[in-house]
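Multiple structures are listed underneath, in structure tokens.
Two complexes, one shared chain (chain A), two partners (chain B, chain C).
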Partner chain A sequence: MEKVLLDYDWTVMAPEIIIAAAAALLSLADLFLRENTDRRFFSWFSLAAVIAAIFFTVSRFGQQPYEILGDTYRVDDFALAFKTAVLSGVGLVFLLSAWGVRQEEIRFRGEYDYLLLAAALGAMIMTSSADLITLFVGLELLSISSYILAGIHRERYASNEAAWKYVVQGGVASAFILYGMSFVYGLTGSTNLYTIQQRLVEAYQTGYDAFVLLSLFLMLLGFGFKIASAPFHMWVPDVYQGAPTPVTSFLAVVSKTAAFALVLRIVLVGYIFLYQMQIWQQVVEPVLLVLAGLSMVIGNTAALHQTDTKRLLAYSSVAHAGYLLVPLSTLGAVLFESTFYYLIAYLVMTMGAFTVAALLEREAGHGNISGFAGLSRRSPGTAAAMTVFLLSLAGIPVTAGFFGKFYILMNALSTQHFWIAGIMVGTTVISYYYYFGIIRQMYFRPPASKDRMRVPMVPALLLVIGILGTVGLGVVPEWAVHWIGDLQWMSALTPLNAGPPGP
Partner chain B sequence: MLANAWVIPLLPLAAFVLLLAGGRRWKEGVAAWVGSIAVLAACVWSLGVLAVVPGGTGRKMEIPWLSLGDTVITMGMEVNRLNALMLLIVSLVSFLVHVYSRGYMRGDERFSVFYAYLALFTFSMLGLVISPNLLQFYIFWELVGVCSFLLIGYWYYKPEAKAAAKKAFILTRIGDVGLFIAVILAFWHTGTLEISGVIQAVQDGKVEAGIVTLIALLIFAGAVGKSGQFPLHTWLPDAMEGPTPVSALIHAATMVAAGVYLVARTFPLFEASPVAMDTVAYVGAFTALFAASIGLVQNDIKRVLAYSTVSQLGYMMLALGSAGYTAGVFHLMTHAFFKALLFLGAGAVIVALHHEQDIRRMGGLWNRHKGAGVLFLIGCLAISGIPPFSGFFSKEEVLLSAWQDGRWGVFAVGVLASFFTAFYMFRLFFLVFAGEYRGKGQPGPVSSGMMWPMGVLAALALLAGFAEFPGGWLSHWLTEETGIPAGHGSAPVWLPLLTVSIAAAGIALAWGMYVKQSVSPEQWRARAPWGYRVLLHKYYVDEGYAAVIALPYKGLSIFLRGFDRYVVEGLVRLATAAVQTAARVSTRLQNGQVQTYALISVIGLVLLMIGLAAGRLF
Partner chain C sequence: MQWNGEFLAFFLLSVMAIGGAVFMIHFTRVVHMVLALAFTFLSIAGIYVLLHAEFVAAVQVLIYTGAVSILMLFGIMLTKHRTSDHSDSRSRHQLLSFVGVAAFFGVIMWVIYHTPFSGGKAETAKYTVANLGEWVFKQYVIPFELTSVLLLAALVGAVILAKKERDA
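Let's look at the complex of A and B:
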């Protein structure tokens, strides 16, 4: 029986509806409020909306998967898990910007908040759709909002430059993705991933094998942009450095998580047959592993020479994208678990690091690493927190980052990819140099001024959340792993109904 | 109370965190109170646990910590009767030392740091005691080592303290390597890290006899390092450079007993291997005599006590090796009380004499500090084995177990060592308290806060023996439902007579030499100058190590330094140069031009396509 719109249970979309409504409400309020009204409460309102969305997302766990309109919208454990991560990241970004972006710095306070909400909405759609068109719309919603956010410091040259570079590069990436998708559509005549799954096999076996692979590689190139892996990472340092710090943290944490959700969904649903036909192991896996290794090497070596904190973290983000690509390439037994664990670990430690970076940027008036000098004497708590985040980013036990890396390494070793494990260990050692460089600055360099640094409530709260997450995941990784392992990840790979065949 | 016994170690940990956070802002009193109250709470809790702990395997609680494939590594706690007894001993002595330190460390610049270290040590030691698996045990084992290192080197500006801390760390590490290999071997051959699981596997005969022996010997290697047994004993006397309360807590009552505890905890492993039992018994007996003989001629009050500690730990090992499980644990308990008492007494003497430690410059303190004198005398009587003090009962059990195990040689060595013990302890006592004051200036007062912890310990040193006598209550309680034999029945009548008369002879000789002076020590010294020198230089063990190990090691290091400078460093330079070049290339490409960026991406695409084509062709 054909379902009509009202037959669907639309309450499953509650998180998306809340975010969309909040964004709409804020944009209207922004219109009607007088220009000089303080719009700082926008951030708190958005934060409340995000928390409500998290609540509705989390309460769906454990229920049957559900889909709307032929898989254009899906709630399965895969979607819920990634959505929770994305929303938590967005919540932390709002917390940071509620304090970190002052009225005088951003004149377009209203835009800032509802663009961030729109970007969050895009990210959410990317996590919970199994239709190429919807996925692409989500991706573009996220991307376009991010372009504007990167340039929201309109008077600042660096911010403008970042936005412009981001638009151009992001546009190129979107074009590649779209190009790849058009091949898929041409081969299968459908945008539904599960239909594609069936028909791509047929296409592959009937002489269109080159085009099937071409479509995958074109999309992978675009995805490479979005997850910031080498050699498509060139925009990352400039944009991370130029964008306002809360926006940078959004790009590092939320964009990356959503992009990984998108990549996992498209690749695993659409192209999983390559794995069963052994083509993946021969063609795709080596290429992906090379990209992963390249990201690790480039990210970790280029970071050595950086003097700007955000630029350094940008290269570190490239390196982490490299680590994250390993499970996807090898398709080991604990692919979802290790990827998702690493993403959460990356979320907490990176948000913490960016919070400290924002604090110091405000304090010193610049983003240079020399701002860390003598921090242990000016604010021992902040220095200790930053040390924890850096140790975690470097992958020192017993932190979240260590176990994240450990699981990925186990993944590589258990699938017998020793060379990538070697690169991973080697570049991790290189990364100690620049992470510990910051620690050295904090503890062994004299401070520029003797005054104690004041840490306001909100960033202090963020630091506490970061430390709790980083140390908690490190000390009892079993809890998180257990929870992640209990989720029905495989439900993402199977269709709920066959769906109507495409035109 | 029992189910939540894991809280006990967390109490001092909380104190540690508080003390660290409070830092130097807190006054001495506040820091001392925070530490003392936390440890007192732990002590009271331990007492409650002791009262209700069931026999046999006791109570266990674990949470999975990390799973690697099918193997789950857990963290948790296990409280059986042995653990519960240790919990009480550790927390009680620790509490008394916390109180005592308030007086001893008065005016120290890093007062709160000292208390933070003490709290951290107490946490680690309590954690060690309740560890259910070997990995957790090993983590805490290393942690107490770190605390010991920190506290020996507490006065880090003294070069001797720094050197002693380093020495302690390195020498115990030698044993730790053995223990670590034992942990890995046990895991490899039994598939579990649980102490009870390993024991079960061994008892079920799932492990080859040779491997069991190897594991037991390697565990014993760890115990040798930590408990200062020959040949790794040399760090313990040097560790006396630390503050005296630390010597009392760590290097007399608790941490050094961890080795003995480890052997007791894994006792069924040793029982399964006669070779391991022999090794433990012989090493223990030899150490007991060897260290006691060195103690005869030392002149530093704390060093005499340190050698006595080494010797008494030897007794415990001797007992365990002779199948005297309860005897070893019993002696561990009584020793913790009387040796802590002796150290705290020595600390009181040292404070009264303005940090003089050479017993040749002491004397006549009995009249000025009668309280301390009486308490110290109780300690001396206990360690010498005079009834009804606790040492008498436990030492007799130790010797009895050697006798009944048929180890005549070990028994004879134990008896001889007990003669030495009585002699050097009373030599110390008479030189410090009897005769005329030989030092400069006037002895000062000792605060009451330092006296009453000693009083409590003295009461325990006096009474602890009655836990076992008469009726063997302690051994029944300890071994109930564990399958370990409780004891050896009653002693032959002549044994207590022998031990008491031997001890009395030692005391009489000391009295004759140092009080009545009818026997001249100089004469003895002149008769065997060579022997005296050997003892004074502690059998030249340190010098031997320097010649046999350190010298060739230095030679090797010179060679290696050359190798390092020219070969390794060259490789390192090459590697860093490669990394630096990579960094320079990638930063140069990052020239800010979007055209370049796009070009690089396109090159990336081309390479991907080539990879695609290549992958399909080959």
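Let's look at the complex of A and C:
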């Protein structure tokens, strides 16, 4: 008996439905409000919707995995964990937007909020589906909304340039992903990842091995762009610098997390058989490790001579994409755990750093690193918070970033990958130079003006959340590690029902 | 490889599709580019017919050859800009792009000729428009609904980015 959507327990989609409904409501409200009404409460409304979605996501932990309509929608622990991370990131971005996005500057204040919700919806779908069509639609929903958000500050030339570069290069990346997916469909006749899992093995063994690898590498080409790894990182500095700061933090935190969820699911479910056949170790792993190594080296060395804060953080984001690629390429026992832990650590510390960047940008009127000069005298609290975030980004002990790196390093060492571990340690040391450069500015340079900097409530709250997360995850990592370790990550790799559901 | 009508049609359509794409890159006037692009779209629709995908062919003609090309022409005519594109030729850059594209082409061709698909033909009769519709609205209803959100976001974005400011 063929089942339709309403035969399923569709209430498991509550988080997505809440976000979609909130976006629809806001777009209607935007129509009926006067043009000059302050729309800042939209961000608070969206934040409430995100919190409700987090509640429904978290309340499903510990239950059996569930799928709807042949895995076009799927909830398992992998999906829930990544969705929680994505939603937390989106929530923090809304908090930052509620303060940092002004209607005087960005005239499409209403559109800003519901496009951000649409992007969040795309990111959520990317975490919880096991069907290529749904995954790709989710990816495009996230990407297209991000292109618009990057260019939403129309009066600024840099914002226009960012949107333009992002849409062209993003379009090319999507084309590569789609081309790879079309080979997968051609080989297996299915878009369901678990059916693909079975049939790719057959295809590989019956002489189509070159096509299988071609499909994987075409997709990896596009994925490399989406997670901002070198050598596909050309767009990153310009887009991060040109986009409004809350949008930049969204791109750094949410897009990266969602893209990693997508990459892990497609590559591991579809191509894990290569590992058993020893092909992964010979072909795929070297390629991924070279990508990871290149990202670390290029990201960290290019960041050395940046003078713009957001540009510097952009290159640092490229480097972090490199660290994050290591577990995927080496696989190993704590592959999911170490990737996910690092993503959460990256989320809290990057959100904090971007909050400070946004504060200074508003205060100084420019995004240059010289804006940090003498911050310790003008606002000791902000300077201390930024120091914590930078130490964490650099990976100094008792911060979240340190333990995240340590976790990834342990995974790499336990699988006997010493040279990539060496590159990781070496580039981390290089990164100290530019992270400490900012700290030097804050503590040892004279400030441009003597008056104290006021930190409004909302950014202060964000800084507190950032510090609690960064220090908390660093001092007592075992809480998070326990929680992450208890999740059923492997449930993402196996189908729910014995039989694949149709073509 | 035997010479029959189908092969001849495929040959002509492919040459037209590739030729249109090459001319699109080579032309310097934007209007000519769009026309070359429309030509490619139309040839691809012909290839779909040869593959017994009549519905996709019809959609291709309606949306790409018709709507997209016409929209592009309108866009060109309604906006003020230089109608021809004088690209400053950076030869090193062009050489690098050429090497990259040639290598990519080589890899794809090598893979295709390395493992040719064996002759078995798929049954195309069951892929009717009625079936397609049923699949879209039953099995793939979730991505379908998401696509509508995506189109809405794209529409809003297009309006935001292209809207003329009253006081600009």
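By definition in this document, the second predicted complex is superposed on the first by the 496 of 503 C-alpha atoms of A that agree within 3 Å, B and C clash if a C-alpha of one lies under 4 Å from a C-alpha of the other, contacts with A are read in each partner's own complex, and residues count from 1 in each chain.
Keep in mind that, in the parts below, a residue touches a chain if its C-beta (ideal position, glycine included) is under 8 Å from a C-beta of that chain, and two chains touch if they have at least 3 such contacts.
If you're wondering where the values come from, they're calculated on a predicted model, not measured in any experiment.
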Fit-or-clash call for chain B and chain C when the two complexes are aligned on chain A: fit
Touched partner set for A:G224, first chain B, second chain C, both or neither: first
Contacts of A:L121 with chain B and chain C, given as first, second, both or neither: second
Included angle at chain A between vectors to chain C and chain B, based on C-alpha centres and rounded to the nearest 10 degrees: 160
Which of chain B and chain C A:K165 touches, first, second, both or neither: first
Which of chain B and chain C A:M410 touches, first, second, both or neither: first
Nearest Cα pair across chain B and chain C, whole Å: 5
Doubly contacted chain A residues - partners chain C and chain B: 210, 214
Complex contact set, residues of chain C against chain A: 107-108, 110-111, 114-115, 138-143, 146-147, 149-150, 152-154, 156-157, 160-161, 165
Chain B residues within the chain A interface of the complex: 63-68, 579-580, 582-584, 586-587, 589-590, 592, 594, 596-598, 600-601, 603-605, 607-609, 611-612, 615-616
Parts of chain A lying in touch with chain C, wherever the complex brings them together: 2, 4-5, 20, 23, 27, 68-70, 72-73, 108, 111, 114-115, 118-119, 121-122, 125, 129, 131, 133-134, 137-138, 140-141, 144-145, 147-148, 151-152, 154, 163, 207-211, 214, 502
Contact set on chain A toward chain B in their complex: 164-165, 168-169, 172, 176, 210, 213-214, 217, 220-221, 224-225, 230-232, 234-235, 237-238, 282-284, 286-287, 290, 297-298, 301-302, 304-305, 403, 410, 430, 476-478, 481-482
